[in-house]
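Beneath this line is the structure, given in structure tokens, with notes to follow.
All chains are identified by letter, namely A, B, C and D, in their written order; residue positions are counted from 1 within each chain.
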């Protein structure tokens, strides 16, 4: 490990830093004559980088060395940690496996949800998304069906065999949501809800963690670290667009972050083109761009009857458009030797070529 | 109220919209021949704007009319609602009253906190800030003293008579924090923690609500609406800088939002120049700019011995710098006939001129 | 055409608007009773949208109708204009043709440039990029070889047969640069240099127009309109990343803008993954994402000996990495039935499958 | 001077760096044993920082030392350069002098312009703004009266005695504009038009340089350096808002940048609240915030008859509002012992107190 200290650090502060390093199990030596570069040798632990960076007098941790955080791909010995593979029902995400999670925005009607679930499964989705608890900017907007929505999700899951991804908003709801969910969704607006992150970190249910809409990649990885450090290793990161200055898309899909994350962490990364675009007609190109940049999966809003969606801002795609996206993803996976994982019950060819 | 509907709306959707309008107590008529502009007449209620805007087929609510939300300044009859005045201990915020809340970032040592509290009170602060629960990007960073920090805050409050503003992060902590706090702080990273907003909305303790670092002004006002709609009318909005692209300041203080808010809402608005600047040397000019733009108060990080703060990024100002800021604020208030409210125990002249 | 007027417009202003409409050849009528929606019927011309939108009292042009701007895909009659196809030497861009333009950042040494040119041609590039005039933030940084750089470009073009894309910065240089260039590059920092845009619009040499790093898509299209309205129809738009808040990439590649542009304009759109990433290791995934989102080509910085590039910020890829990008692009084109155009002298299979 | 070199730099590159240092007149030595920190001793020159930072193998210039750039406030010897004071007609900007430049957006009618000029002079402005050449996003929008507009400006200047600030867009127009202008305005969209910056740097006419709407402070200072290095020392920087994500203001006025600039450079800094706000009702609070943050002046759009401005987006203030802004600025100056400079012909009390 290598720390840069302030150049004008009083002796007492320098001594405090050296003392903590010793307590953490390191031997230390200054490089050069200016007492600015401090080299630490020792076994390291995931919490050391943050603890040392927080110290008064430490300008920066230049080299993390062995003190690898839990999300990091590179190990202290220079090796690379293998990809984490997360399973959500039949969906397999990471390690060369690509899966598509699809469904409506909110759970409203059981019959309608079952219809969508069966349709997206046949088209190639391996997990069902749908919100029972909805985060809404306005207190007066529909907040989801809550417990009744969870019950519907449970029955549709039993009916269709699809794993369920659903959002949890409140740490007090983690237990109830966990009885139905095959993966907790942590929405973009909850990425810095640290109490909630700790609570889902105590479970052993996969967590789909969305990037906040102005969060840096480092902040996203540290949010994941809250879950990982609780002992829950099943974390999927999700890029869903950051807030930009142009209204032609609702958000700005950061494919560079996806590509960077594939090198920086062993955790799988998926893309939500629906929230990024905010427009049904751009979901397909953004889905393609995400997979081409290296994403391990997609989270897509699907509506069975796009003709019934009237709002200009509607971002849900219909079943035909969804099928075209699945075909594109299969073809893109083939370029890299990756596999689009589909349910055994899917009508699509499981590993077939692109038509 | 005036709604714009989609131009190609099927009859069944149009009928659904008309039905909800009727249920909400409105009589309706279309303006012009195109069935796009729908005029609603009726008493209105705070939730109608969001509920109508959410309807499929409604493009936009063009004119809110009588359906004023709780934060809005203008009433349906064209009158203006008087300013809300919020009291936090001796601090009075809003309605021409300006107050300064000051203190350290985190509560750490009781003696040190009492020393700072007395010093800032003497210099002109009327409330004490200090975090017992700290939101931290990294799970390995110091998260605050928690319950022990609350106990310290309680004892320092008894000792100094200063009202206490402290952050609450978890809805399960609202009761415990509320036993000490004269105002709950909702941090920028919790602005979209709707479960937490609802919980503090059930209390009758003032809420200092910080703008998320990429939240629009409308989103901030709707977050306030979560608290107001719970029956808690004591909300202070706080602008603390948005995320920008230039690293010379940590955040970009949005004085235009402050000025806009003063016209849009009757709620008081304060500015946090410390988090906006991220640099001690820029706190004073940003504090001045905030007050000059119309802010009703300041939230400032103060450290008793700036010489002990070594980090380049340190944003806490020393007591001398704080005293200069107080003098500036007093002079700026005089320009507008506003009053800088100070504690009776303050050594500063209560309403004196600028020296 | 459909205009929204201000609701409280005095009669004299309304009359002025009606008069201009008549002068432009329209007959007008108000829709509904409120004199807010003004419908115009007539042949239309490309300049009408801007001229009417600029009028005092006009809130918005709601529907452009027949007054199509030159870049627009949709015609007034509801038809779609066919794709513009731009040729730069052997490169063919647009209408299902994909081409790759590659080369060094700046022209420095003739032998080295010829070597790169031959290498990228063999690998699959069909045009050579290289700057003789370099826009630099600092007046003290190397500003390019200028006229000598143009001469080198001319000789390497003669030697290799590759078309040349090179930047022009000053309207007074357009003639000199045009003697060598097969396409003018207008850099991101010149997108709002309207005098320069007009000057290249007077030539009949293709223009590669880069999006400014905080320009909206509408502003990019209007910059193109400056060139098109001068009579030069050979414009290629280039997305190269917008300025974001996270430093893991230098810029934020806006693939949503690429996808939107493919629907909004008949002009071809390419992507510059090198400037977007600012890091050699992310050029390949961003190149793939751009093509997958629908881009008609790539502009890539290539360096023959990546081992000689030491800076952490270096964004040039080596020849091996470039060859992998070309193979990826060929495979991606095959998914859509698009063609990667390569030089006859290329050693790559012209329309072969992906290996 | 202190450079950080790459840790894995080959000997040949290190030798090249050392050679250039020697040619620039420095003696060098490595600090510590890792050959990463290179200390340079010598006289220094303004171009050295950029030239050394550009070298392959140089990670960063850690300490500029004596190689001060022309805009920098601190000198190599640790002293501070005195404020540059720029005069534009009667306006005096910098060194504790505050001036207000006011006028219409574009020059259209001579009588109307003379009327505005007289009115703003009486109210306290000391220079007149008005565009003869207008940068417009659309080629079809009104581009200004050009030469005829310059002639009008010249006659109004003769009539009123006010100095004239007017925009130049094209390097070929610098001579003609310079015959009328007391200061060239370089607009936000021209901040990276380096050919234009060099051209105005060859004159000895003051330059009012606006920050690009997504330019960093460093980029703004380097744009100023283009003018300064041409020998023109009369540069005024202007903050006019950066592009943000919220539409309640057109741009986001960056008062933190103003405060930072006052410490970083000896050049005067003014604020344009009109373009930042994009709304007449917010011009006054933003003007106040700018002056309170330390700005040396204001650039304000004034319209004589605000009742005639109908557009929602109108940002021009009327004469009454302008007079209130002038009174505010005078009072704010008094707080700091600064002087609001007014014309001898002004009807306002030249150095009077605030009423």
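Quick note on the criterion: a contact is a pair of C-beta atoms (placed from the backbone, for glycine too) under 8 Å apart; a residue touches a chain by one contact, two chains touch by 3 or more.
Here the structure is a predicted model, which means the values were calculated and not measured.
Asker: Once the contact rule is applied, which chains count as partners of both subunit A and subunit B?
Answerer: Looking at subunit B and subunit A together, the chains touching each of them are C, D.
Asker: Would you mind checking which chain's C-alpha centre is most distant from the centre of subunit D?
Answerer: Measuring from the centre of subunit D, the most distant chain centre belongs to A.
Asker: More contacting C-beta pairs: B-D or B-C?
Answerer: B-D
Asker: Based only on mean CA positions, could you tell me how far subunit B sits from subunit C in angstrom?
Answerer: Distance between chain centres, rounded to whole Å: 44 Å.
Asker: With chain centres taken as the means of their Cα atoms, state the distance from subunit B to subunit D in Å.
Answerer: About 33 Å, centre to centre.
Asker: For subunit C, give me the residues that contact two or more of the other chains.
Answerer: Subunit C, residues with two or more chain partners: 214, 218, 243-245.
Asker: Which part of subunit B faces subunit D closely enough to touch in the complex?
Answerer: Going through subunit B, the ones touching subunit D are 214, 216-218, 241-242, 244-249, 251-260, 262-263, 276-277, 281-282, 285-286, 288-294, 328, 331-332, 335, 354.
Asker: Which of the residues in subunit D come into contact with subunit C in the complex?
Answerer: Subunit D residues touching subunit C: 6, 8-10, 13, 46-51, 54, 56-59, 135-142, 169-172, 189-190, 192-195, 198, 212-214, 218-219, 222-223, 225-226, 229, 243, 308-312.
Asker: For the complex, which residues does subunit D have touching subunit A?
Answerer: Counting only subunit D, the residues touching subunit A are 31-34, 37, 243-245.
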